[in-house]
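The structure is given below, and queries will be raised subsequently.
Chain IDs A, B, C, D, E and F follow the sequence of writing; residue 1 opens each chain.
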Amino acid sequence: MSDNFELALQLLGIGMATVFTILFLVILIGDGIIKFVNRFLPEAQKPVKQARATSSAVISSSKMAAIVSAVQIVTNGKGRITSIEKQ
Amino acid sequence: MSDNFELALQLLGIGMATVFTILFLVILIGDGIIKFVNRFLPEAQKPVKQARATSSAVISSSKMAAIVSAVQIVTNGKGRITSIEKQ
Amino acid sequence: MSDNFELALQLLGIGMATVFTILFLVILIGDGIIKFVNRFLPEAQKPVKQARATSSAVISSSKMAAIVSAVQIVTNGKGRITSIEKQ
Amino acid sequence: MDILRKLYDMTAFSNLIDNPAPLLMLAVGAVLLYLGIKKQYEPLLLIPIGFGVILANLPGAGMGIVPGDLIELGDHKYMNLFEIAHEYGIMNYLYYSLIKTGLLPPIIFMGVGALTDFGPMLRNLKLSLFGAAAQLGIFTILLIAIAVGFTPNEAGSLAIIGGADGPTAIYTTIILAPHLLGPIAIAAYSYMALVPVIIPFVVKLTCSKKELMINMKEQDKLYPSKHEIKNLKAVKIAFPIVLGIVIAFFVPSSVPLLGMLLFGNLVKEVGANTFRLADAASGPIMNAATIFLGLTVGATMTSEVFLDFKTLGIIVGGFFAFAISVFGGIFFVKAYNVFSKKKINPLIGATGLSAVPMASRVANEIALKYDTKNHVLQYCMASNISGVIGSAVAAGVLISFLG
Amino acid sequence: MDILRKLYDMTAFSNLIDNPAPLLMLAVGAVLLYLGIKKQYEPLLLIPIGFGVILANLPGAGMGIVPGDLIELGDHKYMNLFEIAHEYGIMNYLYYSLIKTGLLPPIIFMGVGALTDFGPMLRNLKLSLFGAAAQLGIFTILLIAIAVGFTPNEAGSLAIIGGADGPTAIYTTIILAPHLLGPIAIAAYSYMALVPVIIPFVVKLTCSKKELMINMKEQDKLYPSKHEIKNLKAVKIAFPIVLGIVIAFFVPSSVPLLGMLLFGNLVKEVGANTFRLADAASGPIMNAATIFLGLTVGATMTSEVFLDFKTLGIIVGGFFAFAISVFGGIFFVKAYNVFSKKKINPLIGATGLSAVPMASRVANEIALKYDTKNHVLQYCMASNISGVIGSAVAAGVLISFLG
Amino acid sequence: MDILRKLYDMTAFSNLIDNPAPLLMLAVGAVLLYLGIKKQYEPLLLIPIGFGVILANLPGAGMGIVPGDLIELGDHKYMNLFEIAHEYGIMNYLYYSLIKTGLLPPIIFMGVGALTDFGPMLRNLKLSLFGAAAQLGIFTILLIAIAVGFTPNEAGSLAIIGGADGPTAIYTTIILAPHLLGPIAIAAYSYMALVPVIIPFVVKLTCSKKELMINMKEQDKLYPSKHEIKNLKAVKIAFPIVLGIVIAFFVPSSVPLLGMLLFGNLVKEVGANTFRLADAASGPIMNAATIFLGLTVGATMTSEVFLDFKTLGIIVGGFFAFAISVFGGIFFVKAYNVFSKKKINPLIGATGLSAVPMASRVANEIALKYDTKNHVLQYCMASNISGVIGSAVAAGVLISFLG
């Protein structure tokens, strides 16, 4: 038990030291990334090209409303949009 | 290695022949099905009964259009409806 | 086979008796719960707090209320929005 | 010519010449797809099952489920799942990890629970008893099946078709007679789809017009029930918890099925705080489980398994199990009506076998045919839902005694 | 009488008479359900856990998790998953395939990552340090637990409750002391739910009104930080990648947790191109994982396991682990304020233990009580989120030294 | 100093000093992330793969996939999955249960099927043949790879990159040469992303302006096809069923891939009745499969595996496999045009390799560059989709002869 207690004491030191070290590194890393990006990538990326599989998520709701209305008129209320994807 | 090379040569022949055969069959099958359906099932199927579990799909599109518009107005274009279910 | 037939006869008795017992208990339990709740919890619970993990649904509750109302009006109370996501 | 020989060996034609039986099974698969697609019989299950039958019987494709004794090593040891995948392919991997372990039926029941509303049952609690009477087909067919020579385990699996509940039938069969899984699953789902035919058929044989015109709402007015429910939400939350515990004391072997059903129901009734869980249980989890259950159950139907006299017995026996269950429910209503002033429409007995909610809809239509104002749907739902509990309990009894 | 005997054997009453302890556990399960449903303490976890406790303690149902030594065959060999399912049922199958393998906590962390926004932390990077200070409870309770007789491994599992992070606590316990999984998970989630009680309690004991009124925005104006972030999206994308790599060099044992967290965060921050993945990680995958984690962790709590003196130790120790962590965060702020001109509100230390985002909301409410214009939420979120990293690192240290 | 020694042992620096090769692999992972995030090359796959590479090469984290011979016990026995998880951690658990069993590629193909529309192909059936011609790269590179010293199995895995289909390439490699999985998956997805470069490159080398200006619609008017499709829905439902059966007779080894693709397509085409299944297959199931496939395939790329001369061969060979496939399609169109009055635009041959639908879009843009009214998209889609079938069949041939 005495051994275990010593281990626990060591872990108190090691553990808190490690946690502080890591979160200090978090600060350094975050700071470094911000500086790097501010210097080399200061502008926001251009709007991304549409990835193939995610295209379902990009129809704006206004367009969707228009599409849905159109479908309804054309199909006389029998059609249903199950998903809209950009081609 | 000479054996392996012969195997590879064989596979070049067998492989391309098989692929062509299969895609030729695709044409025949597609053609056959189209002819069969044109002859025996020329009309589109009647609108299907609603399956039990798919009842979530029963909001009519006109209502959906209205809902979508409403969402769009309210969320200033940022919201998206991912699904609507009947209660 | 004679043994098996006897087993089957026993199961006919045991089985139907058990099923009736259980569904009789269902009635008792249901009745008991209703009486208990009527007596000790007669009022509906207050509206629940939002659970933490659902906080990803970042549409504010006022906007959501507006959307839900719109849906309710349009669908005549039959529609339900199950989720809304920001784009 | 060596190359042509190799080419020929690659194809499945030599297998077909050795054993053309799979061609017949492809036809069986096609019939199931026809029933699911064109006739719209339980399409969510019959289409995956039908496709699974086809996959399993494509010679040389290695998609058919191998018999369980190939997995058994003796001395309570079994091949591990990685070895099964390695030796017998992905379909056996899915089957032995998801089905043979008994996992998917309770998982699907969790989703069913999250879609079930006990409200109609709680509002007409007494009608639950007819969900007991309508399990008669199970135990009657058990008797008959044993009489005609099925082993008790096989008879139990056949009989549970009369419970009119897919996951319950599959779960029971996995435990009692896994070699019959394919035909039993198909019979169960087919007859569930045929409920619009079976119920009117039995009703016509057994009920008079006068009985079918009994108006439940008027009876309620004449003989009002004692209490209203003041806080339905609280009742609905407490009900699955208490019910689960009490049933478990009596039939612990029904817990894997009923426990998961009631858990699914609980997270649904709790509402917004556990909406994510209810949504997952009844959405992606249940849908994925349905796909893999359907495909693998279909894939158990290799020609050796299916082209057996027992398959015919299952098809015939399954029908009678359904019919006798419907009859049991109706008969019990009639017996009840003899002793009670407050009369009950026998259609409410007919729906006790479950097949929720189609049985109730069919019964409602029959009632409306005799009296356009006699809506019995909500009353039928009470016995209908209790029939789910009834057959899960019956399954528990069968598993306890035969498993 | 043979038939009645059989009937009685089918029920669970004989089991109950032999050992009535499960009844007590059913009450424990009911209490957890009450806390989750009525008190709304972490309902997404406590309801499945509570239901799992009930399922596990239904006598004869076979839903309780069996001890790990039944799975061990000696000589580094274990029963395979198919045998576990066959022998011990679906609950053990789920537990031994999803939990005992350590799979679900990192999977849930992936979902947490896809829901986490490092924005507030990046805008107030220095406040991250308080997420380190607030891990004090972990290592203090480790010391105390060992002092009172817990083994080092058990003490490590108990201590990690002070990290205020469910998946981290569960992952650590799976590795260090799986027999304590149930009580530790419950303590962790219960105290996370009790953060609105624990934080105000510690704050009241340690902070003056003047300290609590420190206005961070004004401090920012007085002592402005040096740089703005010109391209937040690029920073947010680079951050999880670089962070993951660097932390891994120092504490590689934290990678299963932190790596998955940061992966989930990355696919979220990339945006539309990987929306499908972020959506799956934080939606169906995380919800399904939560259901199965909750049920099976609950099912570890059989009466033999739970009704042990150690459970009491965990409940008491867990509370102090939380309280000391809160204290550690506050104390470090006070120490910092001694040396710095730019003062920091001690509430920002109090939220360093994590319990995102509830701790921050609670802290914000406290601040607003003293000054209705003093919104500290965004500042608290910085230390709050860093506390997630802090406790995962602490877990890595414990696993390295004790695992 | 004992404590500092322990602290140092906890970190990964000693591992790094022993073997700094993982640092190079971290750079490889970073490059893949850069391609996926910034260049938007197949982000859904390359980002998880890139992150998986990083996780696998974090020293001491235990997230790298161990070679298959560590799992093999000899005598057709393997470690069980629980032991794999216990011994080698969650990443190996995921890899050996989901990938090495061959499960995920067919599962992803099911989702691809549920997203595929055979309509354009059915409307221009004859163009399907070009989906055969464009598999030329596969078998040519097979020959060359064997010539330069790859084993036949490795050469088969390398060659299948020319099929331009991720799941097909991965499935084939799992069976033939799992140790090359990482580089082959990356080459396959990278070159698919590079289709907008590769197709124009080959087209420019081989096609004249006159050929590229062939207007398919005008050709259709000049030489109209014989029949219209009166009931497209019925055709689309029957097509996957009949096609699946017939192909299986010829190349049964392609069934795990094609069968699942066609099942997914069937449940999509059936419509509302099986919408839940199609939605699950193409949504949560496919997304979850993509995450775990990407991470674990990436995690196979430990430095020992990747830093090998064969990796270079795969990168170079993969490029030529793509290019030769494109060339094969174009060349076959040219040959066809020699004998036919109705001319075909060679771009339709170029899209036969698959990489749906990007290849078609790229081809369409090329056509529009020469004639702004010459929309060839729908025609290209016909050969493009048939190329998916073509490469799955080619995979079946390779597996039959080499597996």
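Here, a contact is a pair of C-beta atoms (placed from the backbone, for glycine too) under 8 Å apart; a residue touches a chain by one contact, two chains touch by 3 or more.
No experiment lies behind these values; they were computed from the predicted model shown.
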Chain separated most widely from chain A, comparing mean CA positions: D
Greatest separation from chain F - chain, by CA centre: C
C-D against A-F, pair bridged by the larger set of C-beta contacts: C-D
Copies chain F and chain D - interface residue numbers shared by over half, same or different: different
Chain centre separation (chain C, chain F; CA means) in Å: 45
Distance between chain centroids, defined by C-alpha means - chain A, chain E (Å): 22
Chain A-chain C separation of Cα centroids, rounded to whole Å: 35
Rounded Å distance between chain E and chain F, as computed from the means of their C-alpha atoms: 39
Residue list for chain B, restricted to those that touch at least two other chains: 14, 18, 45, 48, 51, 53, 57, 71, 75, 79-81
Contacts with 2+ other chains: residues of chain E: 6, 10, 40, 43-44, 80-81, 250-251, 273-274, 276, 283-284, 290, 397, 401
Complex contact set, residues of chain A against chain F: 10, 13-14, 17-18, 45, 48-49, 51-54, 80, 82, 87
In the complex with chain A, residue positions of chain F that touch it: 3, 6-7, 10, 38, 40, 43-44, 115, 272, 275, 279, 357-358
Partner chain D, residues of chain F touching it in the complex: 71, 76-81, 84, 96-97, 100-103, 106, 110, 237, 241, 244-245, 248-253, 255-256, 259, 263, 266-267, 270, 273-274, 276-277, 279-281, 283-285, 397, 400-401
Of chain D, residues touching chain F in the complex: 6, 10-13, 15-16, 26, 30, 33, 36-37, 40, 43-44, 47-48, 51, 54-55, 58-63, 80-83, 85-87, 89-90, 93-94, 283-284, 287-288, 290-291, 295
Chain B to chain F touching residues, read off their complex: 1, 4-5, 7-9, 11-12, 14-16, 18-27, 29-38, 41-45, 48, 50-51, 53-54, 57
